[in-house]
């Protein structure tokens, strides 16, 4: 089976990472996975949310948005509708949890790393690209803190990256684009750390449920893709002179 | 390791199912899993959402809520705050998707089964109890349609039930209560159908990530619990004279 | 004239009071007046609203909600609509005022008794059942404070209970059910204390206005019903070993 | 007992009615009861709310607002806060119900009389002044329909007017101003029609509950005041050449 | 060319200024420019917005609203819709900026002059009438502070007034009414101080763009009108015994 | 006087226009004016707003947004706050009006060109860059309609472009960056068409009011800048093979 973009079933889309896309953010990355482009900007805020007041620890959180015409047809602007959709909230909660899984919040000190993931163009897999890009933006922001002697211990304990896998017509596929995502039978988003442990698994059957053996193939594919994404994260930081 | 409520690690909490709790809903069930009590009411609405207009199919959807004092300390009332939290939206989207996975929407005809899951008391696992109970409420509502000759083909293709599993101090646990849920290292909600296929998997690491072998044990535990829950669903319907 | 449920015009519906329905609230009561079932949970909050800050007194307030399928046909969920209806706000303001009329707020100390009245099933008279039940929940919460030596003076000065009366086809009726309520000419909700004084009167003509002599009969009926409800409140507390 | 404004306990404040205050509305009245000034504008809208579509009848409804600096100290603007308070909704529902009690909605035809009651200055009793003024605005709008031959039967069946009465230090008082209203023991708003029947009664104890005999005195006072207000309504219309 | 209301192209509508319209506000003015009537109430609040906390200066701000039936046909009430329109926000921001341009905020001290401009009747030019009236209300409030020795330096440095000008069928017109405003080719709102300097210019082409020479004529007309309005402001204050 | 970025007072910042930045929009342009970067995407929607239903004409409208970390410090996300600020609404209304001033809406047919202007990076002048870029995006979308024979008459009648000018320390400046904008005495945004006529003028004094002669210099500067911007618009289209 050849995919519409001539990829093999176990091949990622072409990945490009442009660090420093925005000049004001403490960490900024434009990540492109094929036609999915996400701008991830990490801001350092010298405050913590109220529930962490005086707890001697920091916080890492994320917000997610999609430009109205990131997609094939225009969607409503959430700011104009007056609220974020359930999907948006679900995604930004996922990004935040994934990042926090590899952070030592005490070492961060009483400050927040707030990561904005804004989808400039969407062709499937935006939440996974957001997580992979957000980690780089966070690492750049952490480097900014270390270089400026704001903190002296690196609070970032490990990598985190994500990829989607799915079953379509009985075949497992890695890194689905929009067309594949809309027509697949099952769609699983996997978030893993550098030790190849699970940070998050979100699997959803669409049309046809999937069994244990299918899940196992999907997990193999995901681990393969995430290994590659973590190597690309290392390279992107190395290009900035940061060795992690 | 003995659990705080003296259960074995692979044992469900005591489950009680009271059908017909509300007398007006077409399908009504109060499901109790230990101290977690969820009222699931299924309403038949003779209309479909706008995006399904004239598509010769029906819809199944869910809403979720928690009474302000369902929990140990009072939470704000969502209606008073003026919006549903991201958590609430995430859960009600999950319940709806899980139910639709076992429905033949064309056989349902142009109508909606709207399921309200309201948590009267919460001791962990409310989303899983909601799914398991919602299926029974939906089955009762479907039976109502069949008995009144509104439809002649059963649109319900299979069971669906859910349970949480988690890792705590290196041990796998089935059906976590609130205390276990707040202190565990990983929390995975599993939704399966009667053929023991996955409908949804939502796994989240909390504090410590989990590896592939741990995931495999958790999936075994979940399958064990869901098998039991499906038997209880069958029994609850049989008690109403419905053999499914 | 015999009523649809075979009651006499001056007879209450069957009343059942189940204390301790929720196990976490400081005071919890499920009150059933016929097919109207309201869960009243009283929470003790160790804070007061901003306008009472440093005024050496407490506060008693209430919120009211109705489960979407409490009624014959499903209503929208207020949390999903993003706001409470005018009717909901009117009712919860009424419950709060009624309770405060019998409270010595200084004796309560700087804390709030927050009562949630959630209608699980609705067959008319939900605001009156809420008030009658809320008083019991509040009394249980007060007893909790006294027993734990948080306060030493009982801040609850008297009973408060409520009932609806109405004119239908020229006849006065006590404790209207939904069918009677929707077809009556006048509907008056009466809230009284144990000294048979008025706490609140809310009378509304529907279709036909009512004159002074009709009002007098309605007030007689209400006093009769409230006398009985207060006896039931006393009994419910006595069953918990509380003599008020 | 002499009142702060030297009135007798059973005397209304000075009432002034200025018809045609706004030149665009089909019916417009500025009613002044002492320092309480309410602008009541009735608009004729050639549509009915959705729930009355194709029911061969019209609708009468009201909205209520208070200018931010109508009062001694500035209140928040409801449009800026983004929602109407519970009090506002309660009042506008009351005004609408009171007006509908004297309307033959079928005779009105499929149109709406929408009455806006905006308080320009507030010194107590704004809801009662709104009802009394709204009736005149509605009568002017009805006259506009009759004179333009839009309808041929007068849909207005009777007068409706309102006044507040209250107990203060054991004395009954008619038409309370703000100072009296804030310090009284009981506050009852009475709405009556021209046949001296009750349209609405809203009685609230504040501080001290009131008994049956006190209620009877208050009802006598209210009837006295409303008789006078209805005479003033007749005069205001007669000044416009309308004999009702 | 004679205008519909028989004015010359360079003549203001009849202006009436009624100081003290509301008796509670520290400064209150009803300004009428023809059929446009705006009530401007200035409140002195002994607090500043959070961003000015401890900055040893005050603040001047404005809110704008229009009664639903101020216009020929009824508009929705913003409080009922739950938000202010973009037009409302644009206007109230303009009024606030215009007033602040002539205030010495340090001399005002840590307090706010909050001006509410409520349009009772609208026939075009409501934002300009609001600014001209708001200045008088502010001056009255400042006088209140000076007379009560709350401040000792007058923080009001100059007059500010506003007028609209427009091009219609090739002719410049001063002070457009609603009919002219809806049919003109260009509409320019000019705000000037007493030194005939510009505070704000808001010019909008409607249908036909305007060139530099047309702009120059419009600016001449505006200066002519504003000179007259400032004289009327002086007179209005002088009538209250305030010489500015 | 040399400016911080070494520009002459009458020189635009470096302008770069990248057409086709987003691949899905019918017209897409990333416009950079120095460090201000705005993505302008034009979508063709085959519908018109309700108020234009069956009026045989189209509509052109715009929405504006700024990414949270487009600026030196992070701002709140409007979608998360649940509403657009007054500033955002003011700007998007301005962009829409400016574009409509050069459109023949009848020639567009019953469809909408909806332009989204999203600020990726902000260094002052974002509303002007949005207008200049939005015109190019609209022209590309119009070209798409013409090339696909959806319409046969070009509805775009002229160019429209915008620039800010301001007075700082007595000197006029063209195209202010953020630092200049925050410290200037007066800030005027000018929108002009290709015939050098005014489409919009929005002038605001900040700190010091400006007189007629200063305004004249500012208008000269603006005309100079807009002439250059229109030449750049022509070039950007020519680069896409479109000669306008």
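The letters A, B, C, D, E and F name the chains in turn, as written, and every chain counts its residues from 1.
The working rule: a contact is a pair of C-beta atoms (placed from the backbone, for glycine too) under 8 Å apart; a residue touches a chain by one contact, two chains touch by 3 or more.
Just so it is clear, the structure is predicted and the values come from calculations on it, not from any experiment.
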Set of chains adjacent to chain B and to chain E: none
Spelling it out: a chain qualifies if it touches chain B and also touches chain C; which chains qualify? none
Maximum centroid distance from chain F, chain identifier (CA atoms): C
With residue numbers as the basis of comparison, which of the pairs E-F, C-D or B-C duplicates the interface of D-E in over half of its contact pairs? B-C
More than half overlap in residue numbers between the two sides of the chain C-chain D interface, or less? Answer same or different. same
Using only the C-alpha atoms, find the rotation that maps chain B onto chain F and quote its angle between 0 and 180 degrees, to the nearest 5. 120
For chain A paired with chain B, centre-to-centre distance based on mean C-alpha positions, whole Å: 29
Where the CA atoms of chain C average out and where those of chain F average out, how many Å apart are those spots? 60
Residues within chain A bordering two or more other chains: 82-83
Chains in cyclic order, anchored at chain A, direction fixed by chain F: A, F, E, D, C, B
Can you tell me which positions in chain E touch chain D when the two form their complex? 22-25, 28, 35, 39, 41, 43, 45, 63, 65, 67-74, 77-80, 82-84, 88, 114, 116, 118, 120-121
Chain C residues touching chain D in their complex are 83, 86-87, 89-90, 92-93, 97, 101, 186, 188, 192-193, 195-205, 209-212, 215, 219
